[in-house]
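In what comes next, chain A is part of two complexes: it sits with chain B in the first one and with chain C in the second one.
So, the complex of A and B:
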């Protein structure tokens, strides 16, 4: 099963028999059976025939629109899940409830522990690096998390932990022609930030898909506050996956010299940095390969792909909110 | 399930129809040979679709099932390469 990425501007997406058929200037550039597809991402401008939309909904294939820079625009989903009991449990836990505090702590603990793990790994592999300051700060943030009693204090610790991690991030880059100073976005103004932003947008597409399958309302989150049009729950659940998936892919792309400076273009006025089309294809392929990597899930004690783990974590969250399990276990890599 | 489908259909019109149906389920490897990687449900659907077009006294369609260890033993000289289904670009 694979995801289809449409990066050709002004492509026409149609359907022939039970296949997705993409045309550009009246020539077919892609023709794949719908049964081989589990997601369709349109980057930039493209038109889709009404029959295709109906068929995508029928096959339950989510369709996401991103700008050609990778910024999220919209999403087409099959009908919302019928599990009203889950949604009502989700709404009851809103605000500063004990459940909301528990899951927020879980998300942040998962993220910070994974940050710590990736720094520790880098430290072991390259002994000349000095990451101890960052690791100590992360450890103290993780330790303080246990005592946090309000969501605001959890947010504060998340901020402190992320700042500590990103202050070390430049040291994780092992090639000379790339550098990272601070995290910047909207728009990202250097190659590393532009890869991180693109990666997070893709991750959000996948996590939100998993949340929808399980039957949550993606717009009501706990760690992220409600804001018009912001899928807070997807952003919440993403936290623990950020270091494991996106940061790892970005570092691999740079350190294994898969992406080089000529794969990036800078816009003159806004200084926004983005990938060229070839660069984009390379990055999408890496991200896709990462999602299909198998690992042993620490709670389920079985082999799963990262793609499957999005849904597993969403289901564990559902079980916690419905009172079927005592604790929400975030995905922490060993 | 990994299935090799081969067909022998004398009439052009029916053959084209069968070919079209198969294209939605697998990959065309050679004239009248397809390779499909399907679930039980998808295989049942495919068979039902094909059964509608076929005249059993003239045409024949064969499904060869390959087990997971035999799939790795397929050798190829030239021709179509199997498609990579992890990601598609257009």
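So, the complex of A and C:
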């Protein structure tokens, strides 16, 4: 089971019987049974046959189109779930409701606690680092979160906590030839930011897939509501996973020297940085491996892959909104 | 409920098995196959091919619609037989006889339809277990009738209101194809869970 990423420019995505068959210059470069696929991501210029699209819908495999640099373009979803009860509960909670405040706090608390955890781990491992200021700021943001009474104040604490974490992020990079100054995007103008942006785009595909399976309306979020036409709920639920999955993969790629400066290219004038094709393959492989990694889910007390945990968190959110459980427990790593 | 809304006979079986499962299938219209339901479906594909034949003195009719105006029921029979001017329904099931009596409710509901459709009383039915090739007799007793009628009322109420019955964990959950969606043990797990600081 896994997500298939098509990165070959001008590849032709077809199907043969019940298998996905990808061809380039008339040669098959990939052939996998559809039953083994739970997502298809097409990056860049590739074409896909109508029969394949019909089969993806039939197998309920979401299809996402990204540019070759990882920017989100569009998505094809199987028919919307008929679970109107969940969507109705989701809409009833919109705005400044008790439930919206509760879940927004959960998303942000999960993210900030996971940020704190990764700083603590780095501090234990490399005693020469000075991460204590960042850790203290994160702790105070987490503590203040409990008292927050509006979505805006939760957003403020999320911003403060993220700023504290990213002010430490350069220290987590253990190799000479990469540096991180500040988070930048649209476009990212240095290798580290380009990896973070790409990783978050991939994570969004996965989280949105999970919330669609559960039956949510992806466009109604609680923490992210500011812009029309964004899958705000996916962005909400992504928060707790960002440090655990994407940041961890980015740091591993750099610190284990899997990606080196020559894996990146810089556009003239705009200075937009992106991966070379080879670099992209290496990064996608790492991301995929991370998603298949098992861990003990703190609430479920059972082994799950990170990929499975997207759906579990979405189901926990659904259960909270439907009144089946008393609180939404974000995924907080030890 | 207006008069054109009928209750699917299959929903009675599901409701008796688990009201929450019934809600997921018939109100939220979720359906995910697992090994058991796939086996069950292919069995029913074979069974649900309309036809009639004679086996010795028995007239067999497969895959016809069953309906009762009185109980607002609708469904499809696997097999009905006529022998010595007595009608009886036969429901096909994968596997062995279950621990639950929900299959008997389903046969009883078919019998209620058959009575209304033929004008004759139906006193017996059968469940055919594909795994053992055995037919099990179901006596359409007064007690079973009352229990079926009560279940029809409950399902009618569920379909009208859409109110979700609680997901409660029991031994039945182990073979249920909805286990990973309804996570019946999660409420207790969340209650006990203490988040790390």
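A few points about this structure:
In this section, the second predicted complex is superposed on the first by the 333 of 334 C-alpha atoms of A that agree within 3 Å, B and C clash if a C-alpha of one lies under 4 Å from a C-alpha of the other, contacts with A are read in each partner's own complex, and residues count from 1 in each chain.
Here, contacts are C-beta pairs under 8 Å (C-beta built on N, C-alpha and C of every residue); 3 or more make two chains touch, one makes a residue touch a chain.
Quick caveat, the model's predicted, so the values are computed rather than measured.
By the touch criterion defined above, A:34 lies against chain B but remains apart from chain C after alignment on the C-alpha atoms of chain A. When the shared chain is aligned, chain C comes close enough to touch A:315, but chain B does not. Look at A:301: by the touch rule set out above, it reaches chain C but stays clear of chain B.
Shared-chain residue A:7: touches chain B; no touch with chain C.
Legend: residue contacts after superposition of the two complexes on their common chain; A:230 is shown touching neither chain B nor chain C.
Judged by the touch definition given at the top, the superposed model places A:334 against chain C, while chain B stays out of reach. Contacts of A:87 after superposition on the shared chain: neither chain B nor chain C is touched. Of all the residues in chain C, the ones that touch chain A in their complex are 27-30, 162, 164, 166-167, 181, 183, 186-187, 189-191, 193, 195-197. Every residue of chain A that touches chain C in the complex is listed here, in rising order: 81-86, 109, 113, 142, 214-215, 298-301, 312, 315-316, 319, 322, 324-327, 329-330, 332, 334.
If you check the complex, the residues on chain B that touch chain A are 20-21, 23-26, 38, 42, 83-90. Within the complex formed with chain B, the residues of chain A that make contact are 1-8, 11, 17-19, 22, 24, 29-37, 281, 284-285, 288-289, 292.
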